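We just call them A, B, C, D, E and F in the order they show up, numbering each chain from 1.
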Amino acid sequence: MVILAELDWKTYEARIAGGEAVILLPIGAIEQHGPHMSMNPDVLIPQAISEGVAEQLKNGLVAHPISYGYKSQVKSGGGNFFPGTTCINGKTLIDMIHDVVVAYARHGNRKFVLVNGHYENSMFIVEGIDLALESLRRDGIDANVMLLSYWDYVTPDTIKEVFPDGFTGWDVEHGGVLETSLMLHLHPKLVNMDKVIDHDPATFPPYDMYPSDKSWVIESGTLSSARKATPESGKLLLDVCVAGITESIKERFEA
Amino acid sequence: MVILAELDWKTYEARIAGGEAVILLPIGAIEQHGPHMSMNPDVLIPQAISEGVAEQLKNGLVAHPISYGYKSQVKSGGGNFFPGTTCINGKTLIDMIHDVVVAYARHGNRKFVLVNGHYENSMFIVEGIDLALESLRRDGIDANVMLLSYWDYVTPDTIKEVFPDGFTGWDVEHGGVLETSLMLHLHPKLVNMDKVIDHDPATFPPYDMYPSDKSWVIESGTLSSARKATPESGKLLLDVCVAGITESIKERFEA
Amino acid sequence: MVILAELDWKTYEARIAGGEAVILLPIGAIEQHGPHMSMNPDVLIPQAISEGVAEQLKNGLVAHPISYGYKSQVKSGGGNFFPGTTCINGKTLIDMIHDVVVAYARHGNRKFVLVNGHYENSMFIVEGIDLALESLRRDGIDANVMLLSYWDYVTPDTIKEVFPDGFTGWDVEHGGVLETSLMLHLHPKLVNMDKVIDHDPATFPPYDMYPSDKSWVIESGTLSSARKATPESGKLLLDVCVAGITESIKERFEA
Amino acid sequence: MVILAELDWKTYEARIAGGEAVILLPIGAIEQHGPHMSMNPDVLIPQAISEGVAEQLKNGLVAHPISYGYKSQVKSGGGNFFPGTTCINGKTLIDMIHDVVVAYARHGNRKFVLVNGHYENSMFIVEGIDLALESLRRDGIDANVMLLSYWDYVTPDTIKEVFPDGFTGWDVEHGGVLETSLMLHLHPKLVNMDKVIDHDPATFPPYDMYPSDKSWVIESGTLSSARKATPESGKLLLDVCVAGITESIKERFEA
Amino acid sequence: MVILAELDWKTYEARIAGGEAVILLPIGAIEQHGPHMSMNPDVLIPQAISEGVAEQLKNGLVAHPISYGYKSQVKSGGGNFFPGTTCINGKTLIDMIHDVVVAYARHGNRKFVLVNGHYENSMFIVEGIDLALESLRRDGIDANVMLLSYWDYVTPDTIKEVFPDGFTGWDVEHGGVLETSLMLHLHPKLVNMDKVIDHDPATFPPYDMYPSDKSWVIESGTLSSARKATPESGKLLLDVCVAGITESIKERFEA
Amino acid sequence: MVILAELDWKTYEARIAGGEAVILLPIGAIEQHGPHMSMNPDVLIPQAISEGVAEQLKNGLVAHPISYGYKSQVKSGGGNFFPGTTCINGKTLIDMIHDVVVAYARHGNRKFVLVNGHYENSMFIVEGIDLALESLRRDGIDANVMLLSYWDYVTPDTIKEVFPDGFTGWDVEHGGVLETSLMLHLHPKLVNMDKVIDHDPATFPPYDMYPSDKSWVIESGTLSSARKATPESGKLLLDVCVAGITESIKERFEA
């Protein structure tokens, strides 16, 4: 039982007594990931990783995810102009993170792990956390928040296994082998490998343009080809992330 | 295939062509619902109803829900002080509704149905819609938004069937027969009827107090007893809501 | 002497010493109420009720009202498209309530009664209070706020007297017998019974549409007919509200 | 009939047809004005002047005032620490001005006169107007707004009559002869000349300190003595302001 | 060494130990000042004055200036429609002042002097300070902030020397003798006296109009003629401001 | 003459006629950069690069910089707890970028290059640009904005020259060889190489903690050693950035 919102409140109250529970909060986005995949991997992957981690902890709970994320950027997510890419303003995301962290802290929680699945969210999450901790300090509450993006836990060894022909870099891993493999393992019905569009990894100039220049993005919306994605790679990736994150949390939170 | 975020973007693009698709957006809350039930019925019920409705429409799509809702009030949700009741500020909810409606409209959608599952959200959703339509008008986009709370579609006949001993009123239907029956039908694993605490319906003075007076709320957090909830009543309730909402949409949106 | 702003500051300072005074804050709206009545009943009625109540209390003071309210809704106020209906954004009303409650609390007041006269304001007032109490807590101040809408104090007996032919429900009491009677009693010059447009009570579908569908509203802007309004009914209504609210305050605030 | 909110909406609609009506909006504050006077002169004086002006115009209407104003400053209003001085945040005032001007413009009005009665409001009104005009432009509406503070219409001749012993300057005219005379003329019951505290005009260093240094302010809260205030002076002052403002409006708005 | 940002952090840490350092924060604007002068005098003049003052103090430090200011007004700066006049919203300026004061206070500073060089900024600075002090109080920090506009330190004697033919008033000193003389003394390369347009001082009606009426402003953008500006007058003005402000600070902050 | 604010407005007006000028806006931060260097390199370096670039363009102008930046992060800037690190909230930076871009665009400019010198600013600048373009579109203005961080223009060849013993990565280049060399070349008086603290490059876990864990940061505040910084390397770095950025702009803006 690690899904927080599936507990009744009395059970939850007992679970979090003493502030020792670790609250994992997945944060994602609804964003196109190519013609071969659903638009929710940025939510489903951190959700699955959070659940995997929570099961390894003495007392981990996965909070209901924050599912709408910051505006997709051309170089990391294809850009905020594809149908289905459904993004919110930066201030709204900051406020959402603030309010949700404050709310869980007011229940008595003191140990938070925010598991990000959408690159563009990162700095707005940072600001949301900073403002939440400011609010909580003014209420006399000291909480600790760990923030991570799951891909930072993929080790060089795993990369070698998943990309035997060479890794083209995290930058272009949007809708590519990484996310597609994870989705093939976790939610095979939401992937259709027949629709993968094979193409060279995207390359970009060192600057960004606004309004975005759609000609920079391959028509598929992916930044590298998912052709070599496999469920086996997905399992490897999931395992290495779960293991690494679990270790970080145990170290840091004695949890 | 009615779950919007489970489509790939090309399929989604095709589905929404011409602005004729109806986008159903469930809006809920994470909130205690008594010791016998999980804390997510306000999300899961409008989600299920939206899916049921979408399946009846020519072209209905259920957008990813907005899951965190406005602060629980003593007289309608037991109050914002129970562990697990996880609420966001009014301005955050307004902005969230605004941003999400604008984003889906920018994809080309023009027909929206917002399906609310948490009473306290209502006016903040109204304001989010109003601001979204203002933004869209300034971008040259005219959209139409239907807003409803699912319980307004429960007919007197259904009430008679579900509450054969007399209906105690919508006001106290928090964690009571209505929501519990729906959850028993939809997600039986998230309900434990053994833990239902039987009690008379809550009664309240004509005013509210802030900070809330916890002594007004029965210790269970429910406002009426769920003892007579059944999955059969849940099915009845679901069916009547799905049918009624479908009819409203067809009438209004020729969908 | 119950009008707060008519006191000089020294007298006011003496009156509120010890935080024992009850500050009544009327909150209304400028909104059309049919062709037979001025556009300020939502301000004048709670103002008059607050004054009536303050006179019954040991030490009640009526603060200057907050007069501009949240956007009129079709089903409760005819909608935000009539000339004269002059509404503010939800966030502005939240901030206004916050700032004004904080300001009076910083004078030393601890007992507040917010008397609402415009249905659509309710949830934004709730949020304004919640944020004000958060601010005050962070300043080391504990205040208590009672929130009420005056019509919740009309008793079944009074309804029977005022609506001898049957009550059509609060929902459609916009510009109808209730408000018109109160205005006839309080401000007869602002009512012209010759201009009352007689019509059946409005009926609405269970959903709302945005932008509002003007065809839902009777051309008069009222939701039920004021034809049977009388000053005598107005006096009855005023008296029952004043009596009920006074009792609530005495009970709760020992005032 | 110049009080906008006292019209029924049909009469108002007829009055403002063609956008030719002039909407006068008084903006004030609830603020101590010494031990000899009520705390509402900054609302009542611009209200009275607006009414006087409106009566001189072909088609002038006085909108319901905005009554809570920006934080009193030591050098102009005695400071924001006197009991009864009840001030709102700058952002709230900006939003309030924005929303109210936008609302009246959406009714079809194009000619606005904002009549300020509280010095500290000025720049926040300017910003509210600027943002309102930006919103309206984006809605395709061009409106014109005149902003004035009534005291800028007091002529040297009137000053000589009102201050035969020499004028000590506008800076210290808080709760002094100017405002007290106007109130004696307009609302004699709200002034008690026996409680006037006679003192030399306040003098201040060229800087401000925050938090305010209360020792800078005379204990009475006034910045100059009201001893020589008379209702006759009040009438003179009212007349000169009404005449001057009327002339400005006629010139500018052909009204 | 009085330029704060030119210190390394260890030196800065030592300088501010004990909260005894005085932090001078220049606040200006980028705004046209006539065809004969650069657009940054409102930044450069308070910067130079702050440096001059800091050198007279035991321990004065000049913080990096806040350079973008509030919208230029017709009567004080020619208006916000000249190319090069580059203004920010009032709320942005409020937030900027708030954040910067809070940040320096969190380093341990308690004594602040905000040196304003752009008239239109004043009230937004006041609000920024008020909100900053509120934030700091909630963090348990008491700071003191002095706010001044440098021109308030020009003495009657200096005015006589600088304007031997009579002073036309502060109101019209935009791009005139005062600012031009100061710039001639401080940054002669940024002034070209050959381009000065000679004209009578501007005169205005007692009201403001929005949108601004460009015909009110002389085509040069200045409100009075700079023809008689000299570097000698600039030195006199600088010296009198530096001396006066230094004295105020020493008195108030024992610095 | 490339410094925008040093032009008089008539010259500026002529320079930007037709919207063909390129406006370069440096964006930095006031932040500690080790005990050997001033706290303003994040402002001065993009300022110098922008000037170098503007001189290569047909018509480039360097706008006054935005100098206060987003909160320093432990892994990129040492963290927001060093004295002298003076950071603003994310929303304030978003608004500042919005307002300044809108203001320059309203002058008639259509080609913008935002030159970032502080890593943590990036996403807030993105949001500021996005909101500015939305505002401008609603005003009927289409502008194009290029966003870049100068270090992305350092080529592998330059890295080899600057780091002959191997490059330790951009991540730890805070107060290290890159920034110190640039400052030695540009502002040698603001660097004191005797105070450089030599240490191994910082290493960090894959997650962040909030509140920050100060023990993660070397006491100097730098993330790698500046010992090998030289003015010659600084010149190389400046030249390669100026050349690369100039080329990007010429390509993109035909400027």
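One rule holds for everything that comes next: a contact is a pair of C-beta atoms (placed from the backbone, for glycine too) under 8 Å apart; a residue touches a chain by one contact, two chains touch by 3 or more.
These are the chains along with the protein names UniProt gives them: A, B, C, D, E, F = Creatininase.
Being a predicted model, the structure only gives us computed values, none of them experimental.
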item: Those chains which touch chain F (Creatininase) and also touch chain E (Creatininase); value: A, D
item: Touching both chain B (Creatininase) and chain F (Creatininase) (chains); value: A, D
item: Number of steps on the shortest touching-chain route linking chain B (Creatininase) and chain E (Creatininase); value: 2
item: Of D-F and A-F, whichever chain pair has more C-beta contact pairs; value: A-F
item: Chain E (Creatininase) against chain D (Creatininase), contact positions shared by both copies (same if over half, else different); value: same
item: Angle of the C-alpha superposing rotation, chain A (Creatininase) to chain C (Creatininase), to the nearest 5 degrees; value: 120
item: Centroid distance [mean C-alpha coordinates] between chain E (Creatininase) and chain A (Creatininase), Å; value: 47
item: Computed distance of Cα centres, chain F (Creatininase) from chain C (Creatininase), in Å; value: 54
item: Chain centre separation (chain B (Creatininase), chain C (Creatininase); CA means) in Å; value: 29
item: Sequence positions of chain D (Creatininase) contacting 2 or more other chains; value: 89, 91, 138
item: Chain contact topology (line, ring, star, complete or other); value: other
item: Touching pairs - complete list by chain label; value: A-B, A-C, A-E, A-F, B-C, B-D, B-F, C-D, C-E, D-E, D-F, E-F
item: List of chain F (Creatininase) residues in touch with chain E (Creatininase) within their complex; value: 4-10, 12-13, 16, 30, 32-40, 43, 63-68, 82-89, 91-92, 95-96, 98-100, 103-104, 107-108, 190, 192, 195, 221
item: Contact footprint of chain D (Creatininase) on chain F (Creatininase) as seen in their complex; value: 138-139
item: In the complex, chain A (Creatininase) residues that touch chain E (Creatininase); value: 137-138
item: Chain C (Creatininase) to chain B (Creatininase) touching residues, read off their complex; value: 70-71, 73, 89-91, 94, 120, 122-124, 126-127, 129-131, 133, 144-148, 152-153, 205-211, 244, 248, 252
